[in-house]
Amino acid sequence: MDFSFSEDQKMFQETLRDFLTAEHTSATIRELWDSETRRSSELWQQLCEIGIMGLLVPEEYDGMGMDEVDLVLCLEEMGTHAFAEPVIPTLVGTRLLADLADKSLAQEWLPKVAGGEAILAVQYPESPFVQDAHVANLLILQKDGELHALTPDQVKLTRQDSNDPSNCLFSVDWTPSADTLIAQGEEAAKLSAEAFDRGALAAAAQLLGCGQRMIHMACEYASERKQFGVFIGTFQAIKHMCSNAQVQVEYVRPAVYRAAFSLANNSVNRSVNVSMAKLAAGEAAHTASRVSMQVHGGQGYTWEQDLHLWMRRAWSLDLAWGSKQMHSQRIASIVIDQGVPTAPLGESWLA
Amino acid sequence: MDFSFSEDQKMFQETLRDFLTAEHTSATIRELWDSETRRSSELWQQLCEIGIMGLLVPEEYDGMGMDEVDLVLCLEEMGTHAFAEPVIPTLVGTRLLADLADKSLAQEWLPKVAGGEAILAVQYPESPFVQDAHVANLLILQKDGELHALTPDQVKLTRQDSNDPSNCLFSVDWTPSADTLIAQGEEAAKLSAEAFDRGALAAAAQLLGCGQRMIHMACEYASERKQFGVFIGTFQAIKHMCSNAQVQVEYVRPAVYRAAFSLANNSVNRSVNVSMAKLAAGEAAHTASRVSMQVHGGQGYTWEQDLHLWMRRAWSLDLAWGSKQMHSQRIASIVIDQGVPTAPLGESWLA
Amino acid sequence: MELRFTAEQEAFRKEAREWLEANVPKEPLPSMDTKEGFAAHREWEKTLEKGRWGMVCWPEELGGRGADLFDWLIFEEEAYRVGAPLRVNQNGIYLLGPTLMEYGTEEQKKRFLPPMASSDEVWAQAWSEPNAGSDMAAIRTTAFLDASGENYIVNGQKTWASRGCWADWGFGLFRTEEGSERHKGLSMMVFPNDLEGITISPIEQLDRETGFAEMFFDNVKVPVKYLLGEEGKGWNVAMATAGFERGLMLRSPARYQATARKLVDLYKEHEDTAPVSAREAVAKCWMKAEQYALNTYRTVSFLKAGGKIGSEASLNKIFWSELDIEMHELALSILDAVGEILPYAPAAKGLVGHWLDGYMFALAGPIYAGTNEIQRNVIAERLLGLPRK
Amino acid sequence: MELRFTAEQEAFRKEAREWLEANVPKEPLPSMDTKEGFAAHREWEKTLEKGRWGMVCWPEELGGRGADLFDWLIFEEEAYRVGAPLRVNQNGIYLLGPTLMEYGTEEQKKRFLPPMASSDEVWAQAWSEPNAGSDMAAIRTTAFLDASGENYIVNGQKTWASRGCWADWGFGLFRTEEGSERHKGLSMMVFPNDLEGITISPIEQLDRETGFAEMFFDNVKVPVKYLLGEEGKGWNVAMATAGFERGLMLRSPARYQATARKLVDLYKEHEDTAPVSAREAVAKCWMKAEQYALNTYRTVSFLKAGGKIGSEASLNKIFWSELDIEMHELALSILDAVGEILPYAPAAKGLVGHWLDGYMFALAGPIYAGTNEIQRNVIAERLLGLPRK
């Protein structure tokens, strides 16, 4: 029993932090918003050099063969920096391809993923849209319980602009065929469920970082802004709203880490653990948004102030990979209808 | 269109206020708690002398033939003073007897009610218990859609002690017979529905007074208690929690008065208007309880401090005549399933 | 107590409904915080004026109907019922108008009210300054009388001037007494926005529209006749205006009742997929909108009987701003994954996205017109009597 | 990271479960805040001691098992699983015990820990005073050294002394330096409750039980050997104890997980009549209990790796106290009209009423061990770095 991260895992996070702090400022985000694809191949290359995209790629495909526990602090760090490049679908697609019974797609694509030459998009039934379909080199799509893999020339995309300009959503028109089919029946169901949980965990981790950052922004602003002759951070109203948000965010942390462990070990409670992480993270980030906005006052309502970059991230991450309400209903159905799968207070409930 | 009360109505409230302030202190409540019946025939007599119990009794039965609008401020005042004598069941029973097709019971009992010689108890299906059955001279009970009237010798009572010692609850064992039957079929259904709404409005009005009083108690305490060298009422945390409670209570007021008007005029929206009043009053009183308790700190947690007398009233009034959850579900079913009975924003929606 | 509308009120409602149904533009106007939207909304004001519906409770000579506030509430209900455009001159008709009627000279009333009623002159408000937000008494923009005694010379900066980009006139609070502090020495003034020395710079808000502006004053000459109320007593005048803002007029109940009814419809459309908890939550929102309306009718009864409202306005401000957010959050949770799509995106089909727009706007509610934290202080100290220090 | 229990931990759990199932009284004990309940609970402590389950993470020579805090958490889970009695000596074993181990002299440890472990000596805590509640630094009860230098002479009044009515010993904070103010000049001391000059007066609480007492000190002689830590440095010692109280030990996660599971069962029993919104609310409570447990395991991992916790304890205090109220309110709303019936009423059938009892107790949660408002100040200033002034 040990909840702590290894030195390697923490160092990985620090490397990423240094990179994002230097290369991915709010000015970068605003520039990307004004760009054609809203995605940066330079940032993607650098990310791959750090090793993030090869992390989940098995060693036989030139990757590092590591797991979600190795990754989760990095995902959190991306949330801290409102980093929105298509990391989540690519990671989810990576494991999906690696886990296919037929290894040919993995052989073709995973070395490219590890090398930063391929981006993956993954559809899941809980959303009508596909994220980052416009920059994906391979799209893994679902229809009638089947999984299909398509190349960009095989799909027609319609852009669906989101409230979060960093969130690139598309409706995808496509036709399934025997050539595109990669899994069906039980295999497809299992892979699809795992993919969804993996995406949800990743989004939860980013929400955690994002929520914590918005609280810090609020505290910084409240320590600089004066009204009534004092820093507004001295007012209990401000203090207590920040504290309440912090309580929520703090309790998200272990839920996210536990969900990462559950995924890495395919625990029997994987789905409910992931849903808890995603729901709790979505709610905490929402509280942090509201509090930070209120602390910033009118300033927070301007385009110029950076807060909204993070608020929009929080909103779109909350809706991605199952919204709060979807996960809340999934938890209810597992906890109430199916009964908690472990014995009441006992056995390996933690994992 | 006029939301204001008449001078007479306000004067009635003031008379009651003076009486309760003088004769019904927290010491009175504590004494009653230690008494056999927890009810005071002296207080009841004085209340009847003021005229409260005859207010709803039609003039032909020696009453004043007035309505819920004339009454609602007095009910609120009772809540302010945590006055728990069996006013609500007696008022509800009064109108029920008056509205029966067969007038013989009204002729027999209503002059006694107006004269302070009879107390009524009324059962309603939303509760397994009957309030004040032990002091009632006539019990109006329900079974299988029929209404029955029984005298104390015809029932067997089992005391069910409540968290609120002022709330005297009983399970009632009884046998319906042709002799006890007073209404059935549509008549019974109509009278029973009206009785329930009338009881709920009365409880809502008492909750309103009770909630407001608990906020005032909190503010008084916060203006006297010092910590950190200042009155605790100077802390924003205390101020803001009291303000939030006050916002809630303030918006209950017109909902309660409107429900009284709807009952007095048997408006088409009577039931949903009553449910709104009861739900809003229950929630506001609950918030006021929680806030007042928190402001009082440890003091509020003692038997010695008076706050809990009002807290217990709020709890038991909330559960009486349909709980928050019951009324919330009734509102949902009327507003969502049946559709709002008035046109969208138009016609006489207010009444 | 009589909560049924009179026959006259019902007739008034009928007339309003018929006129509105015949005259409200079939297509929603573009946002009033864009140049073309502002013009379109000003056009709508002229249409209203022609029908004598601009401010029904204003005197007939101002294009009103000399009606009471109940009629105004009824008109608002009917306007929201048919989805009439919002009021581009709200700073004028709802806030400055009532203030002028209370504090203005006869000359000022004659000069300003008619073109306000017709929206020939649209008004911006200019309270806040960069360092005077919640703390409005920290105002530093000065307006000192010049040697001739004919003009105030205004210097400084205002911010969050709503409608500041397009409006013709502005009003605000200025420090007229040298060396004065806090609430003292302030005066309320109106001014044409095109005076020499005024520079207006739009503030780009969350939705990239510019409903607000910064206003810079560089030795701007404002004639003394534009002083509203007594010199040095501006704080009281401003508080009266703020009371209108927080309280009765800025946010008429029909606005929230209309949203609540749309929310019920939205829920019914999505009943199969909405979270089970949404059902009671929707009903509760509907109830709160109703409570807000009831309280407004109650307040109007009280005013009609000669009552005055003061700090009670703070209760309103908290109630409507929190309700607005609650309703929009709930709608977005019912819409689930499509809730983030902008109105013009194909999948939004022109409707979904308006809940998002509404939410973005609602988020500002607990901030403008005095943050809800300030309102809670007011309630605690003035209504509940908690000690200031 | 390894979130599976080790084979040793599983074996420990099995042993604990078997022992508890064999030894936990079949009938719940009377409340520990009644005379007979206190005695019965002390008896249970002796049973625990015999099985070496009193404090599993204490050293073997104190009747413990030299186990780590993970084992303690596992033991607590198993204890709540079978509904074992609560710990009457919690002020001793959870709060003073760890403090003694950190600040006590060897002699003090030897003198106090063994009878604490066996509950031959049950402890009361005596922090608060009538004018020092949230503001604990306002303590006025004095303990000045007498001329001989052998005794402190204690005068004053403590209040909210939990278990004060029946406990054998007490500990508290006293002002030992004349003229000192606030956090300075305070010292932590232990004392037998039957010393001459101590008068104990029960405080009747909401449920009419007397879990707390007032303690009056009238020239009470407390030997200097009962000073804990340095003279004048009592604040630091007390803060360490308060950290245990708010943080890890006072409220073990299993307590809330057990309540959450009961809540799920209650909901299932009443699924037909419960409000539709209760379903998601129940699931959310279950989730929060889980989050609290996870965070505790995380904290223990951190401590095991040599970390120290300070102000983080304030986060815990808010989380468990609010969760406890949330769960009990939800249970009462599911029970609806029968929710107000006392446990002994016939219709309560012995079960329903316990949710009410639990709720009454939970209401005190945001108040004791430092009000949640104080905790929010701590979080804001010490964890988030917001300015004090």
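Order of writing sets the labels: A, B, C and D. Residues in every chain begin at 1.
Note that a contact is a pair of C-beta atoms (placed from the backbone, for glycine too) under 8 Å apart; a residue touches a chain by one contact, two chains touch by 3 or more.
Given the structure is predicted, the values throughout are model-derived calculations rather than measurements.
Student: Using only Cα atoms to place each chain's centre, name the chain farthest from chain C.
Tutor: Following the centroid criterion, the farthest chain would be D.
Student: Looking at chain pairs B-C and B-D, which one is connected by more C-beta pairs in contact?
Tutor: Between B-D and B-C, contacts are more numerous in B-C.
Student: Could you grab the centroid distance between chain B and chain D? Build each centroid from C-alpha atoms only and quote it in angstrom.
Tutor: Those two chain centres are 40 Å apart.
Student: As a quick test, compute the distance in whole Å between the mean CA positions of chain A and chain B.
Tutor: So the centroids are 52 Å from each other.
Student: For chain D, write out the residues touching at least two other chains, lowest number first.
Tutor: Touching at least two other chains: 275-277, 279-280, 373, 376.
Student: Quick check on chain B: which residues sit in contact with 2+ other chains?
Tutor: In chain B, 235-238, 240, 328-329 touch at least two other chains.
Student: Please name which positions on chain A make contact with chain B in the complex.
Tutor: 235-237, 240
Student: Within the complex, which stretch of chain D touches chain B?
Tutor: 128, 131-135, 138, 159-160, 203-206, 208, 274-278, 333, 336-342, 344-348, 356, 360, 363-364, 366-368, 371-373, 376
Student: Give the list of chain A residues in touch with chain C in this complex.
Tutor: Contact set of chain A toward chain C: 126-129, 158-164, 167, 169, 171, 226-228, 232, 235, 237-238, 290, 293-294, 297-298, 300-304, 308, 315-316, 319, 323-326, 328-329.
Student: Would you tell me which residues of chain D are touching chain C in their complex?
Tutor: Within the complex, chain D touches chain C at residues 275-277, 279-281.
Student: Given the complex with chain B, which residues does chain C contribute to the contact?
Tutor: Residues 1-6, 9-10, 13, 17, 70, 77-78, 80-81, 254, 257-258, 261, 264, 267-268, 279-280, 282-284, 286-288, 290-295, 297-298, 300-302, 304-305, 312, 315, 318-319, 373, 375-377, 379-381, 383-389 of chain C touch chain B in their complex.
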